[in-house]
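Input: a single structure, listed below in structure tokens.
Read from first to last, the chains carry the letters A, B, C, D and E; within each, the first residue is number 1.
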């Protein structure tokens, strides 16, 4: 069992290494056309990921069927003696990690296949695909890690891969800057994450995750709270939550498959996965959950409103991801990790689908901006159909999978403040009395409902502006369907986006479900009404004065720039000036004073022997008097 | 590896020093033309690597804490100076690093056609190697000091003769500043000697500073610490490093950053902390404070640098800050982190300076503004190697740079008892911030140099990476990966030695 | 006889000698002042010898030796002064400034004539003495 | 009146006509010729050289002038080597030989013990090198050869007798015997205005210091009642004058003056640069090594051997003097552009380093002697190379020397690095370590720090000069050196110093044995 | 040591000595302050003569006569020759004192003050009854050859060296080899 999981993790890594070095060797040797190098590298990319997907699937099936009593199966390769707490390099498959593993490998496979077509004429495809394989193995390492430090290793390698892939088209300075920003913000989060690991590991006396999870009662509440809060910083960084979310919209500078894989399904989901993985600790730290709830609330509504005002299709989806992730975080804050994970799975599927469709649209419309699209439903029927499924799942319209998972999350948030009107106690497994203070619970539930409405609005707006109205594309009848290699993964992903909802046996809570569908349709209707008025104009004008603010995502980015980036750059220049004048000045100064002193002394050496002798006798007198007086 | 009885092969350790010394001496006499000279250089540095590897192989890793391959001959009874060499868990990795880096430098030199007066350069490098290896092998305080100073003159001439435009001033500042440091170090060593009467490091370490009253220990630790801090370099005493690096030739920079800085930190691990435990305890918070300021200061200085080599120099100040923080915690994990960070920094910064040198050879300048960017477009392999080195240097897990920094922060999280916990928590937090700043300046540099449209300067006809450069750099890349993915390789060697002298108190 | 009298006289004479050495411009007068200082020493020695009743007469013997030394030094001193006079036309001490520290900028004052000494022309030279150009 | 007790078997009554007054059967003081063999040998050689110079044919200059010069040179060399052999014989013989003794308060004027042997050895070896350098200098022909060697040998005689003299009279006479010939040697270049100017300055400052020393000695004689060093301590204890403290302190300081002048310590340092530059290079070498060694011998004898009980008076003074000397010496050496002038100030600074251990107390004398021996070897080498290359000359002449004369350049670089105290020059390093050890052991921490800073300032000008040797010269400086044939002896001198310094670098234990024992002697 | 008689009742010796002392100091001052070079030499003669007188008072006859013979006889004559050979101006020459005068005065006064205080403080109570016969030639001769032979020999070398040096420097006709 363990060998299988280890292979699942290692195979993509080996694929990455092969992909990086292989084509270079080939190009070194054969100097053949770029296209053959792409085909050669494609093998190195797709095959390992496919095998990893199969292995993950088998492992998941074996664990889920309860072959091992539902408990985790762990194996350690070696133990690294660091001097205090040892680091156990090992893997562990739990129910949660098995499922996530499958999601990751499936989406990765879809993206790899999709990229072969998408990157057909890109000279740097081999390194691109290698980095995706590296990312896949890093994500699997995070998912299957048995030790917090091993998890952290995977955690940061993911950050690196997102940097490398966002900056894939580095000829354009903007992409490079976006990549740097993405890495730095996540790196800031990772530092908090590392400190969180230290706090918890020292509290539990070991880095192993199962030790930490079992020994949490022994830890004091302050240690627990501080540890989990620091973990939250890491989660916020990686899953683009409220304070550290500014990098995700800029990350859209990367190729669309990357956005699909990393910035929709997997990496950003890692944050939520971690919270779920260490959920007992979070349960024991109510203040952390309260903070999480507030973060979620802010993130949800803000991102949704921002999505409504964006003109770039990918940025709409990016903000939608932030909003949905905040939604999952809200579910977690409402103490229901199953709902959150369920929503994570469905979101992974339909958001990847939406991004891949967006890729097709942009590939055809040759522009990201929705103002340049329109009337594509006739030209691209398959894409239109799959995108419609995606948007339906996003809005939570039955029968799409989004409906079920959003409903479960909403119900959890509804139950949070204790007595939500008209909700049947249902199968909400909130055995522990909801310790989330009433007020926060209400805020959370209120914003959740508002978010559902706004989600309906921006989903419809995006849907209408891309597929309906007059074709505004400047490039004539260029809009035709994409190549087969890009369409198959889209169709492959459309299936779970539609049917995943039914996989979970839990029946939906009809009360909240009805309410959410109503709100979604209300939002959609409002947008449709304004759109009907003037099909070419942007329905976002219904935001009115808020539009400008929403488009700039409430100026959070400019605020960070002013608060952090510019002062650090000024400080850097100040440090260099200080280093040159003060610290180095002192050193050069001592040299100059020595030379100055020697200049002064030289004056006494003017060659006059009588001066010498007077100096001699005077010096002697001083010595004699000194000796007699002191002696 | 069958444990060979430790004392059976003293010839190995002596030959490690004799071979380069003889090589340098012979060079003065020999009249070889360029091709044979390069082969000679390779042969001698290779020959030095052989006994080092032999020592590593025959080293009994189960007793890593014990001094092995020991040689102890009286040299100057008048000064109680004994020719006492030996190697243990702490010094073995550093000796190996030195021998390897020097060999790679000679490999690099064998391909480089533009160095004139090659014979003098090679003899200077071989003398340098004798000094470096001697410092790591010496187990007698004065012998350590002698080898500590052997390095000065060759390094001065390497910078002063083959350096860049402002080389004379830089070389002068380097040698004067480092000499002041080493003389202060000498005063500290003599203070220990006058109190205990012995110069033998092993005996002093075992006695755990018993014979030294607390006040003397503090004074001795401060003087020795200052001497070593100049060499490390610690924050306020670092201004010689950027100048020395900007002007030094590629090979000089690699050895200066790769090994010379480690002699300072090695001094802490071998002399300052084991011999003066109470002194270490009293001064640790200050050491930690300066280290942490060094981290942030170095990172900020790098952000605003224009010259590539100068930026890498300041980055060394930052990385050495982490190493010093590791020492300041006085915990086994901290000291392990410091020693690991030493080796990692040696490999990574050695590679970085090789690459910077290659960039300077091809573009004629290391000024980032003039380079203009787009290197990945023109020189893809050089660009990707530079990216790899920068990522390794900013401490990405899975590469060697990470473990040194992470364990140092972990050490700071739980400093030795008696050290104020909140203070070290602040150090840890600032250190963490430092890692973010480190990532910032490396990535900003990468985006300015490798990314973006091709800049105005076109690289010389030399073209992308050549075979001799690759053969010099690939070992470093491999080692960075190996130590990144398998930190046990190093931690298992240093941990027993560190446990003995920290725990025994 | 109070010994303090000769000793005080000797101290005064010594100080006068010091004044003479430091104040006089002409080297010969400086030599005279040096003689005064040495004579002060002699007076001191004689006074102590008599006072101590030293069986070895250390004081008086040393006085004799000091007189001899003074004579010898004076001989050589005058020879050197004559050489200076021959080379520099003057015996004023404060005009002999050729060996001062060179100015902050200019190089060492003039070529080192030690090397560029004239090739020894055959036959003795009457006191014309080639004059080193004092720059 | 009983005759003096039976003299040693080895010594025999001097042949001097004793002024036999009718009532006192006075025997002249017994003389142990074995003890005074080395200075005697030198004296005989000196006379031999003088006579040879007189009687060898004064034929025309060109024909066999050089051969006569060579002959005189080699006789002088032979004399010095013979004295060296005698010294070695005395050392091998072991035990202290003392002669010219005074019966009742048993004290001897001339004692050959360890200090004498070490300083004697040092002086003679330095003498050999100086003679070799002189051969190069005399080849110009405008300096009378016989007189030069005679005066040189007289200086050596003084330098050898001074360490052996154990009474104040002999100390002064030996001091004069060392300095007087040097005035003459400096002025021997009669056609060079600067040489005579240097001679006058040296003469003036030296005579004043001697007068001051004599005044000190007279006061000391008055206070202690005796002139023999070994009795002065006793004499002071039961001094005839009740509160002798003031007089004795003043006397000690005044006596130090003479020797401090010889050593060029601070208040007495101003003459150094002018005289070194004015005099010819061999004389400068003589001043910087032999007369300085004599000065230190006197200082050690006067301070360390006789009066440990008054050490709390002179120890702090010597420490302050040492600190000032090294600092001023180094600072002034920083901006020099003339080779010999730089070496002059560097030798002032080095005497500061040698004085430093004496600032710890009498027990520091050992370290001082050790440093002095190391210093002598290094400094002589530097002067020899300066002589070989450009007869002193300005530093610009040394730029890119390694391309023109590699051996000389490497030797000079080695000596400079030794003087700086950095590893390839291990001799200098061990010397400094020995001094630092003494300072740290003796608890004079502040002086150690001052010396550390001075080492750095010192390194500045040593390394700049050493680096100039290796940087290619911009304009090909025209070679002004004298033709090689007459510089062969100087090259031999350089070789001798290199060998000695390398031996000291590799096996410094030789020096430590000699030095530390002398402290006990 | 018997209680030294008070200073107020000076013996004959002391009076003569004090007179001679005044002459010595006075002429010393004149030597160093006179305007004329030759006068300086002449005053020197008087000073040294008076000093010889002092020695006589102190019963050191041999040294006194040596003083007269060598100092007054040889040394001063040598100085006069020096003055002649360097063509020093015969009449009054205003600039005999260098600009260093004020410094010299200060230093000289300081020296005098220090030495006198130290000496007086040290030898206040020293008193000796002078008895003739102490400083006779025979006494000193015996002392020289019984106790101080080595300095005597060394001085011979010194004199020879001085002689050779003086001759070779002053005569320019001795050419090198």
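Criterion: a residue touches a chain if its C-beta (ideal position, glycine included) is under 8 Å from a C-beta of that chain, and two chains touch if they have at least 3 such contacts.
The chain list, named the UniProt way, goes like this: A = NADH-quinone oxidoreductase subunit L; B = NADH-quinone oxidoreductase subunit M; C = NADH-quinone oxidoreductase subunit K; D = NADH-quinone oxidoreductase subunit N; E = NADH-quinone oxidoreductase subunit J.
The shown structure was predicted, so the numbers you read here are calculated from the model rather than taken from an experiment.
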**Request:** Moving only from a chain to one it touches, give the least number of moves from subunit B to subunit D.
**Result:** 1
**Request:** Would you mind checking which chain's mean C-alpha position lies nearest the centre of all protein C-alpha atoms?
**Result:** B
**Prompt:** Counting C-beta pairs in contact, which comes out ahead: A-D or A-B?
**Reply:** A-B
**Message:** As a test of understanding: of all chains, whose mean C-alpha position lies farthest from that of subunit A?
**Reply:** E
**Averaged-CA centre spacing for the pair subunit C and subunit B, given as whole angstrom** = 61
**Request:** For subunit A and subunit E, let me know how many angstrom lie between their CA-based centres, rounded off.
**Result:** 102
**Fill in**
Taking each chain's centre as the mean of its CA atoms, subunit C sits from subunit E at a distance in Å of 14
**Message:** Taking the mean of the CA coordinates per chain, how far is subunit C from subunit D in Å?
**Reply:** 22
**Request:** Send over the residues of subunit B in touch with two or more other chains.
**Result:** 176
**Prompt:** By residue number and range, which residues of subunit C touch two or more other chains?
**Reply:** 7, 14, 17-18, 21-22, 47, 49, 51, 56, 58, 61, 65, 69, 72-73, 76, 79-81, 83, 86, 93-94, 96, 98-101, 104, 120, 129
**Request:** Hunt down the residues of subunit E that sit against at least two other chains at once, touch-wise.
**Result:** 98, 100, 103-104, 107, 111, 114-115, 118-119, 123, 126, 147-148, 151, 155, 158, 162, 165-166, 169, 172, 175-176
**Prompt:** Got a list of which chains touch which?
**Reply:** A-B, A-C, A-D, A-E, B-D, C-D, C-E, D-E
**Prompt:** Which of the residues in subunit D come into contact with subunit A in the complex?
**Reply:** 200-201, 204-205, 208-209, 212, 245-246, 249-250, 252-254, 256-257, 261, 266-268, 270-271, 273-274, 312-314, 316-317, 321, 328, 331-332, 334-335, 457, 460
**Asked** Any idea which subunit A residues touch subunit E in the complex?
**Response** 608, 610-611, 614, 617-618, 621, 624-625, 628
**Request:** Write out the stretch or stretches of subunit E touching subunit C in their complex.
**Result:** 4, 7, 11, 13-14, 17-18, 21, 24-25, 28-29, 31-32, 37, 40-41, 44, 47-48, 51, 54-55, 57-60, 62-63, 66-67, 70-71, 74-75, 78-79, 81-83, 85-86, 88, 95-101, 103-105, 107-109, 111-112, 115-116, 119-120, 123-124, 126-130, 134-135, 139-140, 143-144, 147-148, 151-152, 155, 158-159, 162-163, 165-167, 169-170, 172-173, 175-176
**Message:** Under the stated contact criterion, what part of subunit C meets subunit A in this complex?
**Reply:** 18, 21-22, 93-94, 96-101, 104
**Message:** Applying the document's contact rule, which stretches of subunit D touch subunit E when the two form their complex?
**Reply:** 14, 16, 18-19, 21, 24, 26-29, 31, 36, 43, 46, 50, 61, 65-66, 68-69, 72, 99-100, 102, 109-110, 138, 140-147, 150-151, 154, 157-158, 161, 165, 169-170, 173-174, 176-177, 180-181, 183-184, 187-188, 190, 215, 219, 222-223, 240-244, 246-247, 250
